[in-house]
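So, here's a batch of structures to check.
Shared between the two complexes below is subunit A, which pairs with subunit B and subunit C, respectively.
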Partner chain A sequence: MSFKDKTAIVGIGETDYVKGSGRSEVDMMLEASRKAIADAGMKPSDIDGIIPPPGYTYSEELAANLGVEDLRYAATINMGGASPNAAIQHAAIAIASGVCNSVLITLGWNGYTAMRPKPGQPPGRSAGIAVLNNAIQGFYLPFGVSAPVQMYSWLAMRHKQMYNTPDEATGHIAVACRKHAHLNDKAFMRGREMTMDDYLASRWVSEPMRLFDCCLETDGAAAVVITRADIAKDTAHKPVYIMGAAEGHPYPADDIATRPDPFRIGLSFATPKALEVADIKIHDVDFLQIYDCFTYVVMLQMEAMGLCERGEAYDFVKDGNIELGGRYPLNTHGGLLSQAHVWGLNHTTEAVRQLRGTAGESQVKDAELGLVTGWGDLGDGSIVILRN
Partner chain B sequence: MSIIDPIELPVPYSVDEINREFWKLCSTHILHFQQCQGCGHWRHLPRYMCSKCGSPDWHWAPSSGKGVIFSWTVVHQPMHPAFGGKTPYASVIVEMEEGVRIVSQIPELLIEDLKLDLPVEVYFEQRTDDVTLPFFKVIE
Partner chain C sequence: MANYLPEGLPSPAPMNDNLDVPYWEGTLAHKLVIQKCSNCNKHQWGPEWICNHCNSFDLSWTEVAQKGRIYSYERVWHPVHPALKDQGAYVVVLVELPDADNVRMVGNLLADPEADVPIGAEVEAVFEDHPGGDMPYTLVQWKLV
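Right after this comes the complex of A and B.
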């Protein structure tokens, strides 16, 4: 049974994206959820499915606050940063198969504040990412590697050495996201210019990654509401239909160092499946919302999805191809790099605005087909193809 | 442990007994990996069964200790306080002759001399009274 076009995203909601929220993660997720439900023209009791993030809260708590008395579908996706985007496929499957009618997906965290606890501050809630404990605490940390930027740099360094990828390739990704942020009044880096020279001059964090290869650290929350296609027709905005989606996991997924082909990432497995469900070709899409925790991760995803051949990302990203006005505008809201980091759920809200035609200055002309990806843990991937 | 280095370097956290055995064997100063008794396949990280043939039977087999550099990163901003005074340092992935890969460091190798496929061999250093870790050096 295919779920193609049987469900649609009908509501989106976001808090302000800040450094220093002073609020709990749940409080922020409930604000984003209320906004998403209202944006759909629905009420909380219309929701009968909830997919919370893997941490910070749980479906029952969200339901109890929102007043969802009949919760028929409560699942949690454990794919790190890829979880919210992967949740869209789970929602589409659950709804298309008749398990429930309308699913709320939300993510909120204090991605800035929780990393900088004040003395005496009680510990907050955490994300439980069990899959990472064995490899990282057991085998990487004793040798000085414990953070995503370091582990992903193993992939990036091998790629750079094998394909002589110029630093300007990832530079173009960083600069494009920054340019797009200038058009978005919710973007944290709006108005802060960054040229290619600025990018190249930024300090090393973990070679080959520089400071400007790294995304922002954000406090905030986002939410989306997905419903059945026939219900979607009566909601407040133009429905954005879920044409196709898939998740994929590299092998082995729980250890980044030992994969036979280190560039065969989750999206390498997921993309053909999602394209088959949607019945499109990758080059049909009008814009790209690619999970950009790091620029190199964007590059690996572009190659894994077949937007370009392996080792040829530079040719794909140069000459304004990924900027507004180019053929494949990337992260038209500024992305995790220059708007905010809420596990990529802001990529989904932006894709919905693009396909509603309400993206303002960032609007991609005549946008009909959008691509959203997620990346999480040690290279898990999710892909969603949306249309209006 | 030096008194001017109050933050102790991290030691491996083992989620279960197989991992503890891997590290314990490092105190013999011979690197050991799991080898399948069904098909002879070598594996690392430690696992309960062979992903190639499905056999749950395995033993710890001595490695040649030799391999090549598969990848690395040069850390400039420490993410763990114990490495604060040690930057920049390289954390490397070594591909062993047996086909498995292991994360380690090559402390004596200059950062500018790191390159793919450079031959290296293991040596051991005691990190605490109980913990001995494998490091690598370039094969001259």
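Right after this comes the complex of A and C.
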């Protein structure tokens, strides 16, 4: 039994994306959730499934605050940054199989504030990402490796040397996301120009990654509401149907350094499954919302999904191909690189706007089929294929 | 020999599940000791509970050759841990061990941090002792052959 087209995203909500929210994570999630439920034209009591992020809150806490009396489906996905996007498949399966009718997915965090604790400020809650702790604490940290950028740099460096990947490849990704941010009201980097020369001149963080290869650190929350296709017809906006979705994990998932083929990531496994469910080809999609914690991670996913062959991402991203007006516009809201870092749930809200036809200045003409990915825990991947 | 990175990074040993104790005991004696399955003879790294290959519980620890090959590297410029604030650039390599089913280890390359690093180059282990503190430990570093 397939869940193809049996569910749809009918509501989206977001807080402002800021540096320094002064709010708790759950407070922001409740704002985004209320907005998403209202956007769908639903009442909180219509929600009977909740998938919170791994950390910061619980389904029970969200249900209590929202007044959801009959919570039939409460699950938590442990895939780091991929969790909110992976949750879409879980929602679709639960609804299509009759477990519940309408699922709320939310994520909120203080990605900026939590990194910069001030005296007197109450400590925020933490995310539950523990799967890689043994490898990092025991075998990376003594050698000065503790941040994800330092772990992806190993892959990026090998890619660069194996395939002669020019620095401009990741540069095109950074520049495209920045250009798109200029068209987005919520984008943190709106109005701040970045040319390829600016990109190439930015300082090294961990060679081969530069400052402008790294995403933003922001505070904020987003939420989406997913419901059954027959209910979706009577909601406030044009439904955005979930055609296909899948999740995947690299092997081994608990250590990145020792994977026999480090370019074989969660999406390498997930993409064929999602395409089979959706019954489309990867090149059919009209736009790409790809999880962009780092520019190189976007290239890695493009190659793993088969948008291009391994080692050929530079040819795929150059010549405006991933900019609005090109064949595969990427992260039309600016992405984590230039809009905000909301664990990629902002990629889903943007995909929904594109497929509703309400993306304003960044609208992809005649958008009918969209692709969204999630990435987390150093290689877990999720993919969702949406249509209007 | 001076240590490659300054003091102040957390001591690595041992994990709270104690799976890695034989590794750290080995490095203290300047031996490179990793997990090997007594049933199917596969090496595996990092330490796990059972053999990933045949699921045998009969894992042993075996000394392997102190030779490797650079699989990849990075040159870190931006210090993340406070102890590295004044460090400047340093190189972290991924080294695969051809004599142990090509498992990979993380370490620093003991060389000019700004010099070119040849992927595929042969390296050998250098044992960096940290005798101070409550729990002395030894790190495995690498130098070009």
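Some points to look at:
Note that in this section the second predicted complex is superposed on the first by the 385 of 388 C-alpha atoms of A that agree within 3 Å, B and C clash if a C-alpha of one lies under 4 Å from a C-alpha of the other, contacts with A are read in each partner's own complex, and residues count from 1 in each chain.
Criterion: a residue touches a chain if its C-beta (ideal position, glycine included) is under 8 Å from a C-beta of that chain, and two chains touch if they have at least 3 such contacts.
Values in this document were obtained by computation on a predicted structure and should not be read as measured data.
Taken together through their common subunit A, the two structures put subunit B and subunit C in a clash. In the superposition on chain A, A:Ala147 makes contact with both subunit B and subunit C. Contacts of A:Ala253 after superposition: neither subunit B nor subunit C is touched.
In the superposed pair of complexes, A:Val99 makes contact with neither subunit B nor subunit C. In the superposed model, A:Ser206 makes contact with both subunit B and subunit C. Contacts of A:Leu369 after superposition on the shared chain: neither subunit B nor subunit C is touched.
Contacts of A:Leu71 after superposition: neither subunit B nor subunit C is touched. Residues 134-135, 137-147, 150, 153-158, 161, 203-209, 252, 255, 257-258 of subunit A lie in contact with subunit B in one complex and with subunit C in the other. Interface of subunit A with subunit C (complex): residues 134-135, 137-147, 150, 153-158, 161, 203-209, 211, 252, 255, 257-258, 260. Only residues 5, 9-15, 17, 19-20, 45-46, 52, 71-78, 80-81, 84, 87, 90, 92, 94, 102-108, 119, 139 of subunit C touch subunit A when the two sit together in their complex. Those residues of subunit A lying in contact with subunit B across their complex are 133-135, 137-147, 149-150, 153-158, 161-162, 203-209, 252, 255, 257-258, 262. Those residues of subunit B lying in contact with subunit A across their complex are 9-15, 19, 44-45, 51, 70-80, 83, 86, 88-89, 91, 93, 100-105, 115-116, 127, 133.
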